[in-house]
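I have a structure I would like to understand better, so I am pasting it below and will then ask my questions one at a time.
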Amino acid sequence: MTLSIYLAGQIHDDWRDQLKSKAKQHDLDLKFSGPQENHDLSDDIGEQILGQQPNQIDRDDAASSINNFRTQLMMQQADAVIALFGESYKQWNTAMDAGIAIGLNKPLILIRPESLVHPLKELSNKANVTVETIDQALDVLVYTFK
Amino acid sequence: MTLSIYLAGQIHDDWRDQLKSKAKQHDLDLKFSGPQENHDLSDDIGEQILGQQPNQIDRDDAASSINNFRTQLMMQQADAVIALFGESYKQWNTAMDAGIAIGLNKPLILIRPESLVHPLKELSNKANVTVETIDQALDVLVYTFK
Amino acid sequence: MTLSIYLAGQIHDDWRDQLKSKAKQHDLDLKFSGPQENHDLSDDIGEQILGQQPNQIDRDDAASSINNFRTQLMMQQADAVIALFGESYKQWNTAMDAGIAIGLNKPLILIRPESLVHPLKELSNKANVTVETIDQALDVLVYTFK
Amino acid sequence: MTLSIYLAGQIHDDWRDQLKSKAKQHDLDLKFSGPQENHDLSDDIGEQILGQQPNQIDRDDAASSINNFRTQLMMQQADAVIALFGESYKQWNTAMDAGIAIGLNKPLILIRPESLVHPLKELSNKANVTVETIDQALDVLVYTFK
Amino acid sequence: MTLSIYLAGQIHDDWRDQLKSKAKQHDLDLKFSGPQENHDLSDDIGEQILGQQPNQIDRDDAASSINNFRTQLMMQQADAVIALFGESYKQWNTAMDAGIAIGLNKPLILIRPESLVHPLKELSNKANVTVETIDQALDVLVYTFK
Amino acid sequence: MTLSIYLAGQIHDDWRDQLKSKAKQHDLDLKFSGPQENHDLSDDIGEQILGQQPNQIDRDDAASSINNFRTQLMMQQADAVIALFGESYKQWNTAMDAGIAIGLNKPLILIRPESLVHPLKELSNKANVTVETIDQALDVLVYTFK
Amino acid sequence: MTLSIYLAGQIHDDWRDQLKSKAKQHDLDLKFSGPQENHDLSDDIGEQILGQQPNQIDRDDAASSINNFRTQLMMQQADAVIALFGESYKQWNTAMDAGIAIGLNKPLILIRPESLVHPLKELSNKANVTVETIDQALDVLVYTFK
Amino acid sequence: MTLSIYLAGQIHDDWRDQLKSKAKQHDLDLKFSGPQENHDLSDDIGEQILGQQPNQIDRDDAASSINNFRTQLMMQQADAVIALFGESYKQWNTAMDAGIAIGLNKPLILIRPESLVHPLKELSNKANVTVETIDQALDVLVYTFK
C-alpha cells in the first residue's frame, strides 16, 4: 500500500520536516505533499509570474490563484490529509483545507494542542482522528501499515 | 427560482438578522439557514441531550456532534453558502464550512473586511464572489434574481 | 425545512411509533420511512408476489429482493438515517443500512444501549451522533429545527 | 489486471491467512487488506497513541477512530470487498463494512454458512455473489482472472 | 412518498396503459414516464423537426438524438425504472435503458417471461427485482407504499 | 413533468423572449433561466456592488465573479441547457457554458446556423440534439412532453 | 498513455482475438478485457463453485452473479468500452453493458453491420463513435495514440 | 508527483511544442496530451475510417465523433488542463474543453493575450489561474513542483 498524505497547516516552522524525517525511520511507503513552505515565495509568486499588480489585493489574489492551483492538484492526489493547528497565526487556510478534505470525503487527521479543544471542537468531530502531537499523527500512519 | 442559502460565520451578533430583514424588503424567494445562534445552547446541547460528560473534551465533542449533524443537513439542502469573517474570534468553523462548500462545489460568497484581505486570500480566490459588507452580499443575491 | 428520516432497525416492537408520536407533539416538518414492519409480510412478500419458491434460500432471496428495492427508494429520498440497536436479534440489516448511509454520506444518528458500546464502537465513531434512547434521538431532531 | 481486495469480517481466527495462502498457490495479481487482526492492539490503539482515557466509552471511541481511519484508506483503495460471517460474534463491523461497500458501489462477495441464510438474506441479495466457504470465494477470484 | 417510474420496453402494445390503469386503482402517488409510444412519430421526429435527411442512417440518427434527449430528461427525474422484455422485437433500447439505470444506480424491476430466463440472466441478476408479469411489477410498487 | 432550461448564448437580441413566448403558446410546464440580458448591467455589476476598480481587468473580473455565481446557481437547477450560436460575437461564454453542461452530464440542445457547421462540429457531436432555429429547439421541448 | 478497453459482445466467435492480434501489430499500450469467452464455463461457473442448484433459474442466477462480479471489476478498470453487435443472438448483455458504460460516462465505440442501423439507432447516437467493422474500431484506437 | 496536462487550444501553430520543449528543460515529471495537431488528419479522420460521407455535415460529424472519443479519454486521464486563446480563429473547441474541465472540477490554467480580457472574463474568473504567455503557464507548473 502506498499512501499520499497532504500536510495542511502553517508554514512558519519545520513541522513537516520533523514529520517526514520520523516517517523515514519507519521505512513506510508514504509520500507527502503540502503548501509552498517558502513563505516569501508563496506571497510573491503571483507577481513573479504575472508581473507587478496594481495593488495589494491583486497581488494577493495573483499569488493565491497559483497556490490554490498547486494545492488542488496535490489534494486530488492525496489519500488522506493531516491538518495541524497551533496557538499562533489565523490558520484559516488550514481550516479551509480541512473543510475541503471533508467535502471530498478524504480521511483526515487533526493535530491540535489541548488549549484549542473548544474552538476546534466541530472540526475535531468531523476529522477521523484528533491527536495533540506530530508523533501521535505519525503513530496513526504507522498503525495503518501494521 | 427558490434559493436556499446557508449563512456560515460567527454567532455573536445579529448579522444574520440584518441580512434576512434586508432580504425581506426585496421580496425574493430566499430561505436562510445557519448554525445555532443561541451560543449557550450550542455549547450545552451535548450535555442537555446526552447528560453530563466526564470532562470538557467530551462535553465539547458531544455538542459538536449534534451541531455538525444539524449543519450537514442544512448544507446539503443549501443552493449556496455565504461565509462572513470579521476581526474577532478564531472563526475556524466558518473557514471549515467554507471549505466544505468548496469541496461540495456549492457556490460561495465571502464577506470579509479589507483588513483581512491577506490572511483570507486563498479562501477569497476559491469563493465565487468576495465582498466587504452584508449589503453587498445581499446585492449579489438580488442581482441573481434580476 | 422538511426532513425525511429513514428509521433503520428491528421490526419486533413499536419503537418507530413511539418516535413518530413524540415527533408529532413537536409539530415539526418531519417525514419518516423505514423497513416493512409487518414481519410476516416482510418474510412472505417474495412468495406472495412471485409464487412458491423451490426452497428456503429462494424464498428468502425473493422476499429480500423486494424489501431491498423498497429500502433503496426510501434511503435515496431520506435526508438522514436513524439506526437503532438493542440487545436482541442479530440486527445485521440495521448495520448494513447504517453502512450504506455512511457510504452515501447521509447524516446518521445511532441509538444503542450502554451495554453495546464496545461492539458498536466503530459504527458509533462513524455516526454523526450516538445516543442511548429514542427520546434523545428525537431531541437531536428537535434541535435541528431550532 | 491487479485486484485489491478488502477482507471484512471477524479477527478471531486465521481465515484471512487461509485465503491468502490459497490465493498464493494460484499466482494471481491479488493484494489483500483488512482490519487490524491483532485484537488486543485493535482495542488498545486509542490509548497507546492518545494516552489513557477517562472511561471505557472514550477508550473505545479513541481506538475506533484510528481503526476507522485505517479502514477508510484501505476500502478506498480496494477494487472489491469480501465479507465473511460466521455463527459467533456480533459481527456488526462486518455488516457495516459490507454496507459501506454497497454504498460506494464496490463489488462484494459474501461468505456465510447455510445456517445464516435467513438473517443475512437482505445483505446476500445486495452482494454480487454469495458463497458458503473461503474456498468458494477464492474460486470466484480465480475465475475473474480466467 | 411520491415515486417517478420510467417504463422502459417495447412500444408496440398497450402494456404501459395496463400498468397505469391498475396503478390508478390503488390510488398511489406514482408518476410514470417512458419512451414515445407513437411508433411512427418516434421514427419520424427527426425529419419532422430537422427536415428531410440525405439517407436512412441520418434519418434514424436525427430521430434518435431527439428521443435520447427526451429519455435522458425522464430517466434523470425517475426514482426507479421498470424494464419489460417479451419474446418479440430486438429490444436493445430496453436493455440499454436498463444498463443506464444500473450505471446510474437507479432501482430496477425487470419483467420477463419464463422463456427468457437464460438470455436475460445477467440483467436479471443486476436488477433489484425480477418478475414475470405486469401485475407482479405493480405488486412490488404497491408493497413499497405499505 | 416540470423542466428547467438554461438558455446559454449571446445577450444582444431578444431570442430568449421569442423562445419563451412560443413556449407559452404550448402551455407546457417549462421554466427558463439564462445570463443577465441587460448588457450594461452585466458589465457594470461588479463596480455597482464592489465599487470602482483600479483597472479594466479588475472591473471585468468583479463583474464576471458575480455573473458566474448567478450562472452556477441556475445551471445547477437546470434539467437541460439550450446553447445558441450565431455568426456575430465571440460567444466564448456560450461554448464554456455548453462545455460545463457536458461536464455535468446535463442534456444539451445546440442551435447554430448551417454556416457554423464546421467550427462547431465537436460541440455539435457532444450535444444531444443540434438544430438550426429557435423554432426547432422548441419543437424538441414540445416533443419531450408528448 | 495506457488504455484499458472492455470488449462487450457475443462470445461465439473469435472477434476479440482478431482485434487483439491487429492491435498487437500497432504496438500500442492497450490492455483488453471482456466477458468469459469459454461459453460452457460461463454457463457452468455457478454450479462449479456453488454446487448443484435446484432448477435452471437458480443455475443461471448463480452463474450470472459470478459473471457480473467479474464484469463489474473489469468495467471499473476500463478507460473505454467497445460493444460489438451482429445479426445473430439476442445480445442483451452487450446492450446492457453498453448502457452501463453510458451511465458511468465511459467512452464507447459501437461496432454494428449496416443491417442493424435502425434497431441500434438510439444506442448508436449515445455511443461516441459508431463503426461497421473491427478494423474500423481498431483504427479509432490507433488514431487515439497519434 | 506525476502530472498529466491536457493542452486545449488551436492547432495551427507549434505552441504545444514550445511548451513541451521548455518543460523538458526543467526535467519535471509532466506528461502532455492534446487534440490531434495534424489539421488535415483531424478533419479527414471520419472519412478515412468510416468511408465517404453523403455531405459535409456528415463528414464533419464523423470526424468530430472520433476526435471527441480521443479527447474524452485524454481529459479523463488529465490532472489539469491548460487552455490557450489567441486573436485568430473561433476557438469554440477551446472554450468547450475549458468548460468541460470546469464541469469535471479539473484545475484549469487560461492563457490569453491582454486584448482578450473582456470577452474571456467569465472563463478567466472560472479558471484557477489566468496568464498571458506560454512561459507564464510553464512557470505555474514549475512552481507546482517546488
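Chains: A, B, C, D, E, F, G and H, in written order; residue numbering restarts at 1 for each.
As a convention for this text, a residue touches a chain if its C-beta (ideal position, glycine included) is under 8 Å from a C-beta of that chain, and two chains touch if they have at least 3 such contacts.
Worth saying up front: this structure is predicted, and the values here are computed from it rather than measured.
A.B. asks: Looking at the contacts, which chains touch chain B and chain H alike?
C.D. replies: Per touch definition, common to chain B and chain H: A, F.
A.B. asks: At the place where copies chain A and chain B touch, is the share of residue numbers found on both sides over half (same) or under half (different)?
C.D. replies: same
A.B. asks: Between A-H and A-F, name the chain pair that shares the greater number of C-beta pairs in contact.
C.D. replies: Pair with the higher count of C-beta contacts: A-H.
A.B. asks: Roughly how far apart in rotation are chain B and chain F when fitted on CA atoms, stated in degrees to the nearest 5?
C.D. replies: About 90 degrees, rounded to the nearest 5.
A.B. asks: Cα centroid separation between chain D and chain G, in whole Å?
C.D. replies: Chain centroid spacing, chain D to chain G, equals 31 Å.
A.B. asks: Counting in whole Å, what is the centre-to-centre distance of chain C and chain H, each centre being its mean C-alpha position?
C.D. replies: Using C-alpha averages as centres, the distance is 49 Å.
A.B. asks: Measuring from the mean C-alpha position of chain F to the mean C-alpha position of chain G, what distance in angstrom results?
C.D. replies: About 38 Å separates the centre of chain F from that of chain G.
A.B. asks: At least two other chains touched by the same residue of chain A: list those residues.
C.D. replies: Within chain A, the residues that touch at least two other chains are 65, 68.
A.B. asks: Can you name the residues of chain F that touch chain H in the complex?
C.D. replies: 56-57, 60-61, 63-65, 67-68, 71, 85, 90-104, 117-126
A.B. asks: Quick check on the complex: what are the chain B residues that touch chain D?
C.D. replies: Residue list for chain B touching chain D: 54-55, 58.
A.B. asks: If you look only at chain C, which of its residues touch chain E in the complex?
C.D. replies: Chain C residues touching chain E: 31, 33, 36, 38, 41, 45, 48-50, 65-66, 68-70, 72-74, 76-77.
A.B. asks: For the complex, which residues does chain H have touching chain A?
C.D. replies: 1, 3, 79-80, 107, 109, 128-132, 136, 139-140, 143-144, 146
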